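Before I ask anything, let me first share the structure, which is written out below as structure tokens.
By written order: A, B and C. Residues from 1 in each chain.
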Amino acid sequence: MVWVNALVQGLLLGGLYALFACGLSLMFGVMRVVNLAHGDLAVLAAYLALPLIAVLHLPVLVAALLVTPAFALIGYGVQRTVIQRSLDVGPLTTLLVMFGLAIVIQNGLLQALSANSRSLDVGTLASASFRVNGQVSVGYLSMLIFAVAIVVLLALQALLSLTAVGRRIRAAADDQEAASIVGTDTRHVFGIAAALAFGTIALAGLAFGMYSSFDPSIGPQRLIFAFEAVVIGGLGSLWGTLAGGMVLGVAQTLGAQVDPSFGVLAGHLVFLAVLAFRPSGLIPARVT
Amino acid sequence: MRVRRGAAGWTGLGAVAVVAALAVLPYVVYANVTNLLIDVFILLVLASMWNLLAGYAGLISVGQQAFVGVGAYTVLFLAQGGVNPFLAIPAAAVVCAAVAVPTSLLVFRLRAEYFAIGTWVVAEVFQLVVVRFASLGGGTGSALPGLAGLDPALRQAFTYWATLVVVVASLLGVYLLLRSRLGLDLTAIRDDEIGARSVGVRTGRAKRVVYLAAAAGCGAGGALLIVSQLNVQPAAIFSVRWSAYMIFATVIGGVGFIEGPIVGVVVFFALQQALADQGAWYLILLGCVAIGMALWVPQGLWGLVSGRFDLRVFPVGYWVHFDPQGAMARVGRLRRLLRGREG
Amino acid sequence: MEVRDLTVRHGQLQALTAVSLRVDAGETLAIIGANGAGKSTLLRTIAGLHAPAAGAILLEGREVTGLAPHRRVAAGIVLVPEGRRMFPSLTVEENLLVGAHRARSGGWGLARVLELFPWMAERRRQLTAQLSGGEQQAVAIGRALMANPRVLLLDEVSLGLAPAVVRRLYDLLPELLRAGVTVLLVEQDVGHALRVADRAQCLLEGRTTLEGRPADLTAAQVEAAYFGLAAHTAAGGEEPWSG
């Protein structure tokens, strides 16, 4: 039964990973930008929320409502200035620039703050759980995060499929040049996509901060988890990212059940296996 | 028209002189200068390898620290088995090239844009695997056996010379590689990959060879690191910081030029020495400069200078010389030949 | 609309050299020429996809040379690009609606476009990837019309389509012209082009080689301008172009 518990934890963890990965997926799907700073941005968001929660004693929800839109605005700005410029220079330049950004953020946080591990205090929510039966218990926090992930994914999907802005985003993602000659300001639209992505990064960063601890150097690991979730699930599909996140989560929790230090490695091995045998992922995209 | 390869004559002589001067250095300068030069040369090796990958094969890797780590741990493993660490350095390079073979099979399956993170994942996996071996020191690392009996000054000198040999071998290796047939293939790939493939260039194979060579070079760098530091820690040796150092140095110096990493490494260490007491600020500053260079001066410092003054220290590449007199003479001969046949 | 001395370079290649043209409101100007003559480059530059090395583009006297493509759409210049360029992950209706984003006020809207192409109404929720070439071309034209263009640029609409389909598309043109749209069309198929056009201009290697009303141009003149050969008249004199 303890295995079932691990399975359930893994599935719920998958929600967190999916929330985390959808920003990466969005930026790549729309702008072909691999955001190597993805993990470090999430850590930055957590650090931005920290004083709000620890010093101002704001409830986590309020902190989230403050940090998320702020991050979305930052995302728009970064896209229109730095990322757009790098896209204009060349295809590989964006990778270099985002990597540089990741290192600058990481070391900036390290210099400005201590290397100590921090976490976002959510009071009793962190440990509250309910028992399903003898061996399986489900944490309220995990469920909440999973629910938020589903809501965010649904909202993103709805935005992309049903709204005019979403149409323009998809059009610009399909064919940037054609979109511009039918009147879409593609730079602005890319900015919006980046804003959405950064917003989800902020949410994911806060979720991570509540779920576990964070420190300035944990960004790369988070990036890798997001990337693995996207690749396992298959590129081009938000629901694929959810599936990928859940597979990764389950791999990690089951691996940790075998041996506590084996969890992360187990996730990596599953990723490598998917890469070796099914590189297009579990749920390949509908349209390339 | 004649196609002529750049002449290596005077450059070769100059290079020998420089190397000879560098070789004598331990006798002439203080120990801390020698130490600094060891670090400079090691970074130059790493940066040159990254430059080979990115500038000539178009592969942006942020995971070369995987091979830095494997190189260091290979030396540790062999030293624990009684092998002289200095002799283990070439072995480390070979082992890394061997490890790179199955690794390349995996990472090359990723689409180009995801290749970078793939290499990073590989580095993390290597680290996680290595720390499981208690004999290699587990999570806390281990000291390097086998050099304890050596006089410190002598050890430092040997380390310096080993580093000098490796850096010269690396630069020479890159230079010869680029002047070879493979180098021509790589330039074709860099200019137009699809076009290159359509004329028969085996792009997959070319990239793989470069990936293996870069792995070997980074392995040698890692081996030198453990020899110069006398210990190794997994978190440090497999850290993404090595990629940061390689990338920033090369981007600032100039990607795609052999001279680029040399210039970049000099700038790197100048900044590091200048901001020595400020913790990680030099890295933040370097990062910002590298970002700025990538956005506005993508050819790097060397590219800027060499473009302006048409300089070249390492002659690679081919020049086409249009020779009207010769061409007309050949056309005339051809005409006479054809007329003769018809007549 | 007026184009003055437009010079456009693709890297080291000079695609257009000092090309000028003028089209008045409601007129249809056909640009003809062989492959590589620079016709598409001309339209793309007018639409804003290439920046000219020299020259100017004016719409009703107002210079638009510096405007980004999406702003030119707002000003009234809309391109139907070569190769249709549908958005593969969007449905027919969504393709049309994207075109309406920066629409000027005017008679064209979703209802009217669906009227123009009656078959579209039932298939509006299909992905454009499932349409035939001719149908995609219709959607592309409809998409451009949604923006209520002043000047409609048609780039090689006949490319890759069956002759019957092409004929049907060109039969639509008068309807557009009745609505007062100025049309600048680029075609390799000289016959169709000269049939619908008020005036024609021939390009060769980036330069204008011939201009005039189709009725005034002889077949031999057009051929010579198209291919750049010295004009040879056939024995028996010249006949005016009769399509």
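What we mean here is this: contacts are C-beta pairs under 8 Å (C-beta built on N, C-alpha and C of every residue); 3 or more make two chains touch, one makes a residue touch a chain.
The model shown is predicted, which means the values in this text are computed figures rather than measured ones.
A.B. asks: Based on CA centres, what chain would you say lies at the far end from subunit C?
C.D. replies: With centres defined by C-alpha atoms, farthest from subunit C sits B.
A.B. asks: Determine which two chains are connected by the greatest number of contacting C-beta pairs.
C.D. replies: A-B
A.B. asks: Quick one: subunit A and subunit B, Cα centre-to-centre, how many Å?
C.D. replies: Centre-to-centre distance between subunit A and subunit B: 33 Å.
A.B. asks: Could you work out how far the Cα centre of subunit B sits from that of subunit C, in whole Å?
C.D. replies: That pair's centroid distance is 52 Å.
A.B. asks: Round to the nearest whole Å and give the separation of the Cα centres of subunit A and subunit C.
C.D. replies: Averaging C-alpha atoms per chain gives centres 45 Å apart.
A.B. asks: Under the touch definition given earlier, write down the residues of subunit A that touch subunit C in their complex.
C.D. replies: 164, 167-168, 170-171, 173-175, 177-186, 286-287
A.B. asks: So in the complex, which bits of subunit A are touching subunit B?
C.D. replies: 28, 32, 34, 36, 82, 85-86, 89-93, 95-97, 99-101, 103-104, 107-108, 110-111, 220-221, 223-224, 227-228, 231, 235, 261, 264-265, 268-269, 271-272, 275-276, 279
A.B. asks: Quick one: in the complex, what on subunit C touches subunit A?
C.D. replies: Spelled out, the residues of subunit C in touch with subunit A are 47-49, 68-70, 73-74, 78-79, 81, 85-90, 94-95, 97-99, 101-103, 127, 129, 143-144, 147.
A.B. asks: Would you tell me which residues of subunit B are touching subunit A in their complex?
C.D. replies: Against subunit A, subunit B makes touches at 54, 58, 60, 62, 105-106, 109-114, 116-118, 120-121, 124-125, 128-129, 132, 240-241, 243-244, 247-248, 251, 279-281, 283-284, 287-288, 290-291, 294-295, 298.
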